[in-house]
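Have a look at the structure that comes next, please.
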Amino acid sequence: MKRIAVLTTGGDAPGMNPAIRSVVRYGVNKGLEVFGVFRGWWGLINEELKLFNHRSVSGIIHEGGTILKTTRCSEFYTDEGQDRAYQTVKKHSIDGLVVIGGNGSFRAADIFHNKYNIPCIGIAASIDNDINGIGTTIGSDTAINTALCAIDNIRDTATSMERIFVVEVMGRESGFIALKVAIASGCEDVIIPERKFNLEATCHNIINGNLRGKISWMIVVAEGAGGAVDIAKQITEMTTLETRAVVLGHIQRGGRPTAFSRILALILGQAAVDCLLNGKTDKVVGMNAGKMVEVDFKVAIQKKQLDVDGLYNLIKVLT
Amino acid sequence: MKRIAVLTTGGDAPGMNPAIRSVVRYGVNKGLEVFGVFRGWWGLINEELKLFNHRSVSGIIHEGGTILKTTRCSEFYTDEGQDRAYQTVKKHSIDGLVVIGGNGSFRAADIFHNKYNIPCIGIAASIDNDINGIGTTIGSDTAINTALCAIDNIRDTATSMERIFVVEVMGRESGFIALKVAIASGCEDVIIPERKFNLEATCHNIINGNLRGKISWMIVVAEGAGGAVDIAKQITEMTTLETRAVVLGHIQRGGRPTAFSRILALILGQAAVDCLLNGKTDKVVGMNAGKMVEVDFKVAIQKKQLDVDGLYNLIKVLT
Amino acid sequence: MKRIAVLTTGGDAPGMNPAIRSVVRYGVNKGLEVFGVFRGWWGLINEELKLFNHRSVSGIIHEGGTILKTTRCSEFYTDEGQDRAYQTVKKHSIDGLVVIGGNGSFRAADIFHNKYNIPCIGIAASIDNDINGIGTTIGSDTAINTALCAIDNIRDTATSMERIFVVEVMGRESGFIALKVAIASGCEDVIIPERKFNLEATCHNIINGNLRGKISWMIVVAEGAGGAVDIAKQITEMTTLETRAVVLGHIQRGGRPTAFSRILALILGQAAVDCLLNGKTDKVVGMNAGKMVEVDFKVAIQKKQLDVDGLYNLIKVLT
Amino acid sequence: MKRIAVLTTGGDAPGMNPAIRSVVRYGVNKGLEVFGVFRGWWGLINEELKLFNHRSVSGIIHEGGTILKTTRCSEFYTDEGQDRAYQTVKKHSIDGLVVIGGNGSFRAADIFHNKYNIPCIGIAASIDNDINGIGTTIGSDTAINTALCAIDNIRDTATSMERIFVVEVMGRESGFIALKVAIASGCEDVIIPERKFNLEATCHNIINGNLRGKISWMIVVAEGAGGAVDIAKQITEMTTLETRAVVLGHIQRGGRPTAFSRILALILGQAAVDCLLNGKTDKVVGMNAGKMVEVDFKVAIQKKQLDVDGLYNLIKVLT
């Protein structure tokens, strides 16, 4: 193992930059040559890569996004695309890949390794925290804090104007972000894909609360559980109370990574390089319950079961 | 003038709380008794008010929203509503009102003063900065910084994924917020009600830029100039490039007021009380070009002409 | 167990308010009457307490500090003080105490329980994260992010003016905060009580780096490992290069709690009430490696051994 | 005028980067060639400069500090230094300089222009806002908001622990920052160089307040009016109440520029280039009461008289 390459693929997540920094600097420190590949798999296919050194990753530790850029590259899913990516790897004598991304990234890395026998190690970076077997992904702590801060702002208006708000947060199929920000912001209710939701019961509560003088109401909804705009409309219809929808959208993807997201990224960068040096492949490195874990690609890409009971029930009690 | 009352009406704006603090404490310092009226005109109509003292406004200077709460009260626009409001004023021997709000608030205050001869002074608080004759309203600096911060976040993804983003900001009929955040965030273009916009020319630029390698593109649109979702759709159709819409929405209304919004609020609170003490009425107090001004209600509620040329042209040059 | 009381003692930490919220609302939900005691043990000694309800803890989840206020109360360490505190407990038929605080708080609670047999459960809240047996205390994630944000700011000047900075962070006897912010901010070096530090070697590195053109340098020092002012002076003397000291100080204690600090606080509030309901006493509830733990007061107050090797070595590699 | 150069000198200020961006892009747009000079006058002396283009200033609008770096360069104050700087200017056929900085920068530019007849235009960038004739400098709005945010944090502890805090803010000889953050944060008192301060009267107020139950107290002190540590010590002695000092220090210099600082910087960059194109020299461009002004170097570097009465008296009334 003398030369490795690092790429970021799929949706960007805050903390990808410190992860790149760690792979490059730790790799160089271990005597490796480290390439930075631009735009994920696209960069391998189109031979857009560069030998990085210590200075290549200076001043990026606190920046959101990824200096390597990232794409969702459909060309990779063709034989020709994969062959061209492999030609780049061979041409530059790259012995191993560190792939920073989410489920789609690891699925692709799995294909690539199986076909060309190039060792691939994944680093779980995704605001949605939906990688099976991994407790916390790079970026999710940041996204949660960004969404929380936005909801704190909205609550100022909700309280001052005594309105009902439905706030939609990111998370794809997962209610992870929604659950966290709902409890942390003191929201009155949360709608997540993991749990059936009884909108009529909620409207009943709203009407009853309204009669007792409780007029502002905040509901967080995961994007995978329905659109905020639709839900707000239904609540207006059922309660005749003015209800506003806010879709937080892409502000949740960017911004400076939190301390947690940065430190996790730095540790996992080191772990990924160590895996390659130890002859491992087809693993995602991550943290689970405070411990380092290595999860097979095939396991990591399966649907993650989110244990929602604790927080979900606590929300109901605390509001 | 022995007793005055302060109310907040219309949409909330960050800085209303320091304005309340200033009216109450400066008023008390001048020997007045100061009532806080809850929920704007509704509170006068329904006799929801309270004698405030120095401590009533402790610990609120840095809080968004308004501790007095605010409503848009249709009942006030009936004779009965107005009479009931006046009964409250008479019953509590209130000699003057400080009305913190926007255009609708001053229109109502104008009616109230004309009918019952109760002196009314307005304080311009509105994130939209759309009060005629007033340079800067309380809250607009905060809203601009909140929107700017959100766009900084979005740019991380726009740059990393090389996407086109259309970001809709608040401002009602005014392009004020849009213009400010567009230039401050280094956006590629801005769409405001004050200027015709040629979407085809922009799409042409995007396509040309794309050929030269410039792939990320950020366009800010004022809510009064069209919906971000529609515009994004049109751009996708015209350019065949993936374009995302983000509607920043109510996050722009809340949050801790900036230093500028707080200090403006504190100064205007003092000025409003001084106006009442000096026997004035039917004026909005505000700042214009660094100087205190007093603008007649009838002037303040006219459509404000925004001078957009300087910033609009500079945006075109700097992108 | 029908009536419980909650108090905050020792240094304040961001997240104490959501912890109070959780104890009160979860307790009420379980059928308990919950008293809020003001100013920690002082409030028991001076009978300053109040029956709280659901509304008493509204609108505090996002606020730093503690609405119950907190003191370091020397009077409690006298027989008379303890007796008076017990009189208050007896008079109000309080069956159990939830004590939110740090080491000193649990030492006091241990004394109180041993002497009067009143069940006491502790919740670990301390920015220093120095409670033995507890992985993460309420407030430490917030303090780390606040310090990190401050250091991000300082780095702008360090880079622009090419200066050496020594930044002192809080943490008492522990290098926990220092280690976290040093790695997360990409600092060049860190000085913590847990490790000997060779200032001469560092100065040697600085001089060598300087010759290679690396002129800005950032060193984080834990307050327990020496003063930033002294260290900066020594570096100036050894290297003849201008070196600045910044002591971050009390900004690290305050501010809105992060999502992590809030959620941890809410969960631990529930856990503490459950402990009391289950007849437990003399335990600190906390999280360790993602799992709930209950640690005896006597264990919790012992000196916590911080495992610094992983992060400390990684800092050396990544800079 | 075909070629110009831009440099940043003196202390860095948030907004220098957007100012550079504006000078470069607006200059290029006007058909000029624009050099970026590194490390201020040092870069002219040592011929460290580079021809910039549109892309050279991409992605910097939201960054604190200055990509051109800055030094306080004593060598410039020698004949030899000045001659070498002039050689660089001549060698690269530079027809004019834009100097972004503060008083020292304009004094140097004045010398340079007088000696070699190279047109020099200054842009006022300084967190201290101490440029005579200029209402607001680039960076001061950002520094005020950073200090304010820090004081908001400290107040959480001041309130929770009921302590007295003395917080020292930057501002050199000027009480500008101190005055703004004191009023905006709701501080109890402020100590500035422009006004005599009676510490005994304040201690008297503290003791009296203490007797009435007001225990927390926050005093902002300008660095030019005495050290926070000393003042805190004196208060402790006079009142016997525990008093803490916090020196905010260099966190105030860095961080992302606010919308106001960015927009001001962008406008002034344009104005500076226009001045050079119009054959002007020895002027500082700036804003005063919402209007563009051009102030002679000789006037700009005189001691600025700060009109403190309005805010100073209002602070006394509102606390």
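A, B, C and D label the chains in the order they appear, each numbered from 1.
Simple rule for what comes next: a residue touches a chain if its C-beta (ideal position, glycine included) is under 8 Å from a C-beta of that chain, and two chains touch if they have at least 3 such contacts.
Note that this is a predicted model, so its numbers are computed, not measured.
Give the label of the chain whose average Cα location is farthest from that of subunit C.
Using the mean of the C-alpha atoms as each chain's centre, the farthest one from subunit C is B.
For subunit B versus subunit D, what separation do you get between their C-alpha means, in angstrom?
29
I'd like the Å distance between the centres of subunit A and subunit D, where a centre is the mean of that chain's Cα atoms.
Inter-chain centre distance comes to 39 Å.
By residue number and range, which residues of subunit D touch two or more other chains?
152, 155, 159
Return all touching chain pairs.
Applying the touch rule to all chain pairs gives A-B, A-C, B-D, C-D.
Could you pull out which subunit D residues touch subunit B in their complex?
21-22, 25-26, 29, 59, 61-62, 135, 141, 144-145, 148, 152, 155, 159, 180-181, 183-186, 256, 258-260, 262-263, 266-267, 270, 288-291, 310-311, 314, 317-318
Which stretch or stretches of subunit A touch subunit B in the complex?
Spelled out, the residues of subunit A in touch with subunit B are 8, 11-12, 14, 16, 39, 63-66, 69-71, 146, 150, 152-157, 159-162, 165, 244, 246-255.
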